[in-house]
Amino acid sequence: MTDRIYGVADTTFSRVNMGEIAVKTITKEDPEGKIIRYTVPGIKDLPVAAKKLIEEGCDGVITLGWVGKTQLDKYSYLAASIGLITVQLMTSTHVIDVTIHEDETEDEERLRDIAIDRAKKHSINLVKLVRDGRSALTGLAGKGLRQGYENAGQLD
Amino acid sequence: MTDRIYGVADTTFSRVNMGEIAVKTITKEDPEGKIIRYTVPGIKDLPVAAKKLIEEGCDGVITLGWVGKTQLDKYSYLAASIGLITVQLMTSTHVIDVTIHEDETEDEERLRDIAIDRAKKHSINLVKLVRDGRSALTGLAGKGLRQGYENAGQLD
Amino acid sequence: MTDRIYGVADTTFSRVNMGEIAVKTITKEDPEGKIIRYTVPGIKDLPVAAKKLIEEGCDGVITLGWVGKTQLDKYSYLAASIGLITVQLMTSTHVIDVTIHEDETEDEERLRDIAIDRAKKHSINLVKLVRDGRSALTGLAGKGLRQGYENAGQLD
Amino acid sequence: MTDRIYGVADTTFSRVNMGEIAVKTITKEDPEGKIIRYTVPGIKDLPVAAKKLIEEGCDGVITLGWVGKTQLDKYSYLAASIGLITVQLMTSTHVIDVTIHEDETEDEERLRDIAIDRAKKHSINLVKLVRDGRSALTGLAGKGLRQGYENAGQLD
Amino acid sequence: MTDRIYGVADTTFSRVNMGEIAVKTITKEDPEGKIIRYTVPGIKDLPVAAKKLIEEGCDGVITLGWVGKTQLDKYSYLAASIGLITVQLMTSTHVIDVTIHEDETEDEERLRDIAIDRAKKHSINLVKLVRDGRSALTGLAGKGLRQGYENAGQLD
């Protein structure tokens, strides 16, 4: 089997270098995997970056977006989210979407920690889905897992 | 006729193992049917999971999503909903969308019951549509059926 | 010329049997037309039902949706509306969308009357567009017609 | 060169006969152009009407929509707007979207004047783009032009 | 290698001639590049303009939109944003979206300065992506860059 190729798409708008975190985490998680990175200005540029990465051969992509505080930023988030889902449907390929919203917390240090945790955990999710397939996460189904925050846990 | 294949797509974000409930309900409702399950991190990953399940041969899919309490979660819900409808239009295949919103009730036990009821009832809906076709639910048309809550009932 | 085929897609969520009203109205309006009916659980299932009806040969479709009172129901309405427009663009076929919002009025009898009126009037609109073509409604252009309510009337 | 064909799509929901205004304005602006008109019930029917007009040979289309006052009307506006943009992308053809919102003003006479002005000005825009091409409006770029209202003017 | 072709799409609705600024900035940044400009009435016309520019051979496009103050303008922004992302996915080509919201500031002089700065910086971003490729901005990833405002800076 060919080694897996992972795409990492990040932005210059982001205030944390989540692309680097994703590259390191994927490398650690799947040392035989190859990684291609694509940096764009902001979240609305991420869908086409993901599509181009898939066209270059990536078996899965992680996008790392950062969203401002205003209502307009939220509409941009919605448009980008629709676009990222569309890419996946056009290519039948996973694009795991990591998004940090600048208003998740007032505390900048906490915000950085959220970004790092979310980027790491979703990088691992991507490797599991790409390398191990559709049952890789089934043991964790319904467990209330969270990225960037503590797990919410299972209700039943 | 070939036996039917059902797809079940669920998430690790969910706080109830609705995927398991769907598998059990479909198995009981259509014992000759085959089931393929796909677990992803969150709701925005469900559309591509549904598409891949259909590409693997599923005649219909049920997705089981869990949505947080913030406005951003609601935008994610909107993007995912648009994506799930798009999958159906691309493939002319039903993808029944079960969604639980964490703010439907403050009572966690009640929330779990809603999730179980909704997952069960929609699993049965999926079997009826896939196995019995477009008239299977016509006897119930306009009856104000609800999933997760008591039926609202018919006005006329 | 072949007789026309009309599609009627309705839901079990609806509290009024609008599908039946549509079938009766279309039959009366175009007695030579054939009708195919498709019943699904809720509004987010209507777009694929409409697409499948068109693939079965329908020259036009009417969908009859019922939407709850919460903001989440409204997001579902938005997603379904985008989906219904997408079906039309994929097939170049009219899908007339009848939607009743449960919060249009507090009065349940009034709500039922709105549903009946809207379903009837749009069924007639569908027949006119399918049977008589793009000029059939031009004599009424700009007249402020309403379905479910009294006509608003023309301003000029 | 073949004479140009313009599409005009309007609604019976509108309270001003903007379709007629568009037909007259286009005829005056490009007397050699041919016009095809398509009347539908409401704004959500406009995207497919525009697509069918383009399929009938139109080189460009103007749609004339009227939107009610409620939040639900605004979601319908959003869905229709996405649809109208999608038509353009599917066909690489301009569809100029004239929309009147019933809550732009309380004064019905003023509302009628807005509708007339907007329909006229955008009809001229359509002719310029279809007949004269991508540079036709460049002399007016950044000039703060408005339709239905006085021009806002240039800031620099 | 063939010289690059850049597309510039702007509007007559805008109150600043951002198209001209983009043309000048791209010319300065990549003197061997060719530029094609397309002017349309408003933001909802930008997606098809971008698509047509790409069909004429552009390797990348910058769109320069201006959005009014009302909630309806914001829905138009959302629809246009989804359309601009769709164009990129249909063509696998970058379309950098510069948008000025008239309510970003009450001060018209400040608003003009925001427009100029944003148009310039994103024109440079476009050249970097088109000419230098997916790694051109990676050195700036996570740096909290802003266009129209001061950079927010990196948190880690």
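In order of appearance the chains are A, B, C, D and E, and numbering begins at 1 in each one.
What we mean here is this: a contact is a pair of C-beta atoms (placed from the backbone, for glycine too) under 8 Å apart; a residue touches a chain by one contact, two chains touch by 3 or more.
Heads up on the chains, UniProt names are A, B, C, D, E = Riboflavin synthase.
Because the structure is a prediction, the values reported are computed rather than measured.
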Interface residue overlap between copies chain B and chain C, same or different (over half shared): different
Whole-Å distance, C-alpha centre of chain C to that of chain D, is 25
Length of the line joining the C-alpha centres of chain B and chain E, rounded to whole Å: 40
Name the residues of chain D that each touch 2 or more other chains. 78, 82, 86
Graph of touching chains, which shape: line, ring, star, complete, other? ring
How about chain D: which of its residues touch chain C in the complex? 10-20, 36-41, 44-45, 47-49, 51-53, 55, 71-72, 75-76, 78-80, 82-83, 86-87, 90, 108-109, 111-112, 115-116
Over in the complex, which chain D residues touch chain E? Could you list them? 74, 77-78, 81-82, 84-86, 88-89, 92-97, 101, 122, 125, 129, 134-138, 140-147, 152-156
